[in-house]
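Structures incoming, each one as structure tokens.
The two complexes that follow have chain A in common; it is paired with chain B in the first and with chain C in the second.
What follows is the complex of A and B.
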């Protein structure tokens, strides 16, 4: 029997769906006699027990502390649970929160660590985690020889959130002593984006420098609307003031977190832009330059004029 | 300037340039050396810019690399270097010819055949044994009509389509393709400006709407044919005709198309008759009004009405209309929708009062637009250069009227891209360029060195 532990995430007292995705990730490798526990640190952890009582969860560990995000506290919780329960796997959601505590906890525990994991399997009784490598160009299988415990940060929007009701036991745990070195200043809501939601959009039509001029931008807004897509753009377009910054995809912009189909027209594919979209399953690139970087990550590529392609698309929608 | 003064300036310029080159050689920074080489072509920088094989590979693939440096790399290029040079759009014709002399594999020859600088090599490549290479030749816009004619007779669909769309394809080539090609080839022939009139007549009457649509898009189509296609039963054909720049807007007088998609295209045309503009401005379709609100031919009174449109996107269009009068810009500066206000903030011709209203705006798009606008007061630009949002701060780096203090703030920006854009400014003070030459980010050092080299070479 092995112990599997998920560290759930809450923000400002609201449980994050990433917690259910991490549960789903560990459910995928859970064997018949394994125990899956979910730990939640919050001001009122019991309030989240119901939402975490999904199919496959055997125990909810309620740790009453604070709703403020304190990475040192979460790190201490992971270390304490690892020492007490000797889990084979601990999973947390991959994101800015985990970056601040997961590597530190792994060092303290001298355990295995794989970040941004997008697949898990058991091979010959050993855990194998899959993550992307070389700028998402290859998939890398990572194993952890000799490690009793492995800490994983799970890529979001990959595993379907766990569902179905379960009836786990709920236990309480005192928050461990933590050398808290950070101060929580409060949560800052994202700026009002005027109804533009690049992060939530499943279909994005994006334009880049190839659009040439502000007067040409409007036709792509019209095209995106007729296709049922959200219009995105690369940095130069937003820098010029031709589209709102809320539409900018990339490192200096938004992450197309939920996108399933991304059509990039006249986008060269700078590193900054790829940061926001290279994870998307289906990328279609349109560019006159056959050597544009965007083609290296596109599933489908069209070497051609973005205006001609747009005109053809307009005729079909 | 008298002769002695000019001589002194030349000597001063040469001294400054020499000092910069000595410094870059001493520091051994390949990126800074590359930036300076682009301006000076000084041989002393070559070994610094290309110190290792890795660096040579990087430069061979860099579209910003100077042409003569790429030419130098082509002289003794091995297979990986050859491939990168063949793919690099900045590689000059001389280097491509050198690569071709080395008898490279078909993959490399295909890249050369598609290269924009390969014009003189295309006759030779048109005789290549590889079909992929010959296809690339026909797809190259630099291919002459002789080269196209030689290839157009091949029984290959891709070559036929490329040939039908080739800018230099002449009437005889197009006639051959019209008679031998499939529907896609014939459609491209119908759209070609060199298409013979008798073929256009056939295309205009073609049963397939694709061919009629392509015919309607032909920029050399005679007026009579275009006017007939404006009345075509197919919406897409009418749309292509409305887009066609061969007909001027004033010939579209009687248009009252039942399709909103076609009316949107009308609204995008210039020189439309007044009555048609008025009709389009009152169109029930939001997109028609959005387009006409951007049209610079719309009279001020009508723009005033559109500036009160319930759809904020229409009001945004008015704010971006070059003909929008000052009093409307002032009114739109207080619009409840930030994206409309941002449209005004971007206007260099906005009245001072409108800019003044916007100075206290907290919206990031408005601030970014003000950051780019040369009419924004210097003290406000300095404040924007210190804004917590890196995207807002960056706007000041693009502003040609940004004061030195604001630029000095950006030189310390924690976001590397903002420093890189600053380093690329033509008017960057030497003191800031010197500071950025020590930047930890290679792209910043590249731009700073290019900046200093240009200034040293042109100082008077």
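What follows is the complex of A and C.
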């Protein structure tokens, strides 16, 4: 029997759905006699127990502390749970919060660690995690020789959130002592979108680094308008201030939640950008690099120059 | 006052590439190497703090890599950093972020900086491990994906914003010294001037071995091992071929069909 533990996450008191994806990831490798526990640190952890009581979960560990994100506290929780329960795997979503605490917790435990994991399998009885490398152009299988416990951060939007109802027992655990070095001071909400609605748009023309220079952006605004599309962009374009953040598609920007057709021009397709495209029906990729990872998720691909294609496209609208 | 910035020379792959004979990495003949994109921002942030504080502040760049990675170090020095440290030992060839962090922890102990900045992740493997693992080893306060920072040398705390999902940001204060991983867009990184590039060649770079840091090959254990590396299965993209005019014409058809135009 092995113990598997998921660290669920809440933000400002709201459970993050990615917690259910982490549960699904471990459910996929769970053996018949394994025990899957889900730990939640919150001001009112019991309030989340119901949502975490999905099929496959044997126990919810409720740790009453604060809704503020404190990496030092979460690390102390992970260390305590690992010492008490000797789990074979601890999993948490590869969200921005985990970026802060997962590597620090792993070195405190001297356990195995793989981040941004998009696949798990057992080979000859050994846990093997798959992640991507070289800007998503290769996959890497890693293992953890000699490690009794392995901490994994699970790429979001890969595993379908676990569902179905289970009847786990709920255990209360006192928060461990932690030397907390951070203080939550408040939130800065996303900037006003100024009428730009990436989330609502059904047709998006998106431009990336391939656009090259700010002076080239205008022609794509015009092309988008003539085709009836909303212009979107990847992160570098927004960071450079060439287009407002409200047009940025991706994890730190907007989710194209209602998009039927997405034309990506000069976008290489980073994981973060692809996150924003997860609901898109049809993706068309235009890129000079035939190995660009955007082609791996596209329905149609054009290996070519975005400027030539855009110029020719104008003649049709 | 001293800020230590850890940097990495990363590899991008050529359009076509082949695996190494042992199947555990890409053949390095197909690498295009450069300073990690995120590190331009962490170096810039350190330089901005130094410039605001006056000349008694020092920015030290550290990298773990063989002599080829001197380029990344010199790039950062050419922007205005004061000196560099490069640590290498052949036993580090298979090092992961945790193993690198174990080396960097010894450098931090030796240098006693007031702050440590890293890039939020590396643009080759994107593990986002090294910086926060370093903080864990040191027992230092830490925050990842910092997109705004208010800090002056000597301050006991810094105020920062963490960039979260969906454009939301969290405002946080943190005790110093701390390890912060710096996100793209926090500033506008400068380019090195010709003069800076010339000066960088004269700046001191300490070349250290594991021995110099009191580390043995056993004490830099990684947290994972690469079993194999391979190209993913090709997606199902239907390639539209022909001249640009032909490609655009087919694309226009697809758009009109799907949009009911």
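One rule holds in what follows: the second predicted complex is superposed on the first by the 205 of 317 C-alpha atoms of A that agree within 3 Å, B and C clash if a C-alpha of one lies under 4 Å from a C-alpha of the other, contacts with A are read in each partner's own complex, and residues count from 1 in each chain.
We adopt the following convention: contacts are C-beta pairs under 8 Å (C-beta built on N, C-alpha and C of every residue); 3 or more make two chains touch, one makes a residue touch a chain.
Given the structure is predicted, the values throughout are model-derived calculations rather than measurements.
Asker: Applying the touch criterion given at the start, work out whether A:252 contacts chain B, chain C, both or neither, answering first, second, both or neither.
Answerer: both
Asker: Scan A:215 for contacts with chain B and chain C and give back first, second, both or neither.
Answerer: The first partner, chain B, only.
Asker: More residues of chain A are touched by which partner: chain B or chain C?
Answerer: If we count touched residues of chain A for both partners, the winner is C.
Asker: Touch test for A:80: chain B only (first), chain C only (second), both, or neither?
Answerer: A:80: touches no partner chain.
Asker: Name the contact category of A:21: first (chain B only), second (chain C only), both, or neither.
Answerer: The answer is neither, since A:21 touches no partner chain.
Asker: Once chain A of both complexes is superposed, is A:244 in touch with chain B (first), chain C (second), both, or neither?
Answerer: first
Asker: Would you check which partner chain A:291 touches, where first means chain B only, second means chain C only, and both and neither mean what they say?
Answerer: Both partners, chain B and chain C.
Asker: Contact-wise, after the overlay, does A:9 reach chain B, chain C, both or neither (first, second, both, neither)?
Answerer: neither
Asker: Output check: A:194 vs chain B and chain C. Expected answer is one of first, second, both, neither. What do you get?
Answerer: A:194 sits against chain B, while chain C stays out of touch.
Asker: Do chain B and chain C land on any of the same chain A residues, and which?
Answerer: The overlap between the chain B and chain C interfaces on chain A comprises residues 191, 235, 238-239, 245, 248, 252-253, 289-291, 311, 315.
Asker: Show me the residue ranges of chain C that touch chain A in the complex, using the header's touch definition.
Answerer: Contacts found on chain C: 11-13, 15-17, 26, 96-98, 101, 120-121, 123-133, 135-137, 141-145, 159, 161-175, 178, 181, 184-185, 221, 223-232, 234-240, 244-245, 247-249, 251-252, 254-256, 258-259, 261.
Asker: For the complex, give me every residue of chain B touching chain A.
Answerer: The contact residues of chain B facing chain A are 87-89, 114, 213, 236, 239, 243, 261, 264, 268, 287, 290-291, 294, 313, 317, 320, 337-339, 342, 345-346, 364-365, 368-369, 372, 390-391, 394-395, 398, 415, 417.
Asker: What part of chain A is in contact with chain B in the complex they form?
Answerer: By the definition above, chain A touches chain B via 191, 194, 214-215, 218-219, 221-222, 235, 238-241, 244-245, 248, 252-253, 272, 289-291, 311, 314-315.
Asker: Please output the residues of chain A touching chain C within their complex, sorted ascending.
Answerer: Its residues touching chain C are 11, 69, 71-72, 75, 95-97, 99-108, 110-116, 123, 128-129, 131-145, 147, 181-191, 203, 227-228, 235-236, 238-239, 245, 248, 251-255, 260-261, 263, 271, 282, 284-285, 289-291, 295-305, 308-309, 311-313, 315-317.
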